[in-house]
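As written, the chain order gives the labels A, B, C and D, with residue 1 at the start of each chain.
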Amino acid sequence: MPAYQYVHDVMLRDCETSGIVFLPRYFEMVHTVIENWLDEALDWPMSQIQGSDALTLPFVNISAEFSAPSRLGDRLTWRLSVRELRRSSIWVELVATTGAETRASITGTLVLSEGVALRTRRWPDPIAERVKDYLVTPNGNIRNKVAE
Amino acid sequence: MPAYQYVHDVMLRDCETSGIVFLPRYFEMVHTVIENWLDEALDWPMSQIQGSDALTLPFVNISAEFSAPSRLGDRLTWRLSVRELRRSSIWVELVATTGAETRASITGTLVLSEGVALRTRRWPDPIAERVKDYLVTPNGNIRNKVAE
Amino acid sequence: MPAYQYVHDVMLRDCETSGIVFLPRYFEMVHTVIENWLDEALDWPMSQIQGSDALTLPFVNISAEFSAPSRLGDRLTWRLSVRELRRSSIWVELVATTGAETRASITGTLVLSEGVALRTRRWPDPIAERVKDYLVTPNGNIRNKVAE
Amino acid sequence: MPAYQYVHDVMLRDCETSGIVFLPRYFEMVHTVIENWLDEALDWPMSQIQGSDALTLPFVNISAEFSAPSRLGDRLTWRLSVRELRRSSIWVELVATTGAETRASITGTLVLSEGVALRTRRWPDPIAERVKDYLVTPNGNIRNKVAE
């Protein structure tokens, strides 16, 4: 499976008093993985998206399962892949594991929008091309959708 | 519908550079609403749950829809209700609105666990009784489940 | 002493695994106190400052002493006062106490700036007038400085 | 000058709506640098400090100057050095630069404490030895202090 990989060691800022990772901090990690993927894999850093491109890329939905808690010092390996590439949105999947154990499974939809009005915007073609490398099942249907 | 209500004005710490609320900050708000509900409505503050009771109450899953973006200064009214009360877990629903507009709809499952081992733990009876005031459809089935 | 007061109960999001408030969370509280003071006491909410006024109000320095740790559930009473009001900046002091015990003493300088260029900007007169109610030692010298 | 170096690219989670880094996020970066230094340079990860060693290492004071704002996408190079090593505390200095420009200069005191009671605790000798590599002016006086 094609996947972008990002390693994060759980730090004090991620944890609460019971010793486990605090819910909102998982979503900070999710965003960190996505911003690094945009920059390193798609060559489209968030500073350009929100800067010269005057776009924004917010989540419109997200869903998460935490099958086991994570603790201070745990090394989480995040893997990002793309479930579907649509005209102006993208359905991503992120899984965090420590060794053989899955800690978090997250899917969500990011929508490309014009900065101020937040109207949806079609993906730039070169970006859409690069995204396809991370599709879980890159098949004709999805390509056709993008091409429509 | 029975619901616990909490008002939050969107502040700088909640927003990112495009001017809208940043995904992880919504989940900080969710936790703030829940901790205030535990304290004010159930008379069971998190400092007691994690302190003298040596328990913890993490999310094992959560799902969110963001139907419209929120911005600096928006007054979000959060409403928390309970979809189901189970032996050691609780299925909560939180909705954030500004005026007539829904901004976020979130459901998730919190599991009561023993602090260190994170083994599940049955709800204390007086807490379960108070939770029932917030059930979306408080009927016999749910009461039976709790009583088993 | 004239002071704006704000009460915050320490929540999970504020604490780290050793059970005490995590350093950066104190500064989130500081900003929350300041944004509430701007809104409630000066009638100048941050959404207006950064919105229609196209200004920004960042810290250029800050200094903090933590004389005792704070824990989950502690009720912190924050008091904000103004040490000095200058042409385009303000020197604020914030103290957090629990009962008779001081937990944090913080002083810092906020500079009023034009949004994009971050050039300094003179305080609007009506705002400067309201700020004076919070001056620790409101005397002629300070008034003269403002009037220059 | 001996210094531990850590590079951080400013991300969405660090910034507020005016486009610059939000004050509390600088202190999250400070803690991230320190925790990585403890782990990589001193071979003493926070998970061990708070875990098997049952210690904690909170700041008792901190002071910061922000000579220029930082923005989304800026690459900040943090440098950590040690101004003084005392019996149970340490006075650290962190400077963040982008190219030739200094963005933040921060000094603060961390105190080694026993986990629950927060009583101060002498540095373990092997840790103190490693810390000396990062002393700004490693001279006889400081070594004598440690040896006392």
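FYI, a residue touches a chain if its C-beta (ideal position, glycine included) is under 8 Å from a C-beta of that chain, and two chains touch if they have at least 3 such contacts.
Predicted model, so just to flag it, every value in this text is computed and none were measured.
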Is the contact between subunit C and subunit D built from the same residue numbers on each copy (over half shared) or from different ones (under half shared)? same
Fitting on CA atoms only, what is the rotation between the copies subunit B and subunit D? Please report it in degrees, nearest 5. 180
Averaging only over C-alpha atoms, locate the centres of subunit A and subunit C and give their separation in whole Å. 36
Between subunit D and subunit C, distance of the C-alpha-averaged centres to the nearest whole Å: 25
Approximate Å spacing (C-alpha centroids) for the pair subunit A, subunit D: 30
Touching two or more other chains - residues of subunit D: 12-13, 17-19, 22, 24, 28, 31, 50, 72
Residue numbers on subunit A that touch subunit C, as the complex places them: 12-13, 15-19, 22, 24, 72
Contact residues on subunit A for subunit B in the complex? 17-20, 22-25, 27-28, 30-31, 50, 56, 58-67, 69, 115-116, 118
If we count contacts the way the header does, which residues on subunit D are in touch with subunit A in the complex? 9-13, 28, 31-32, 35, 39, 45-48, 50-51, 71-73
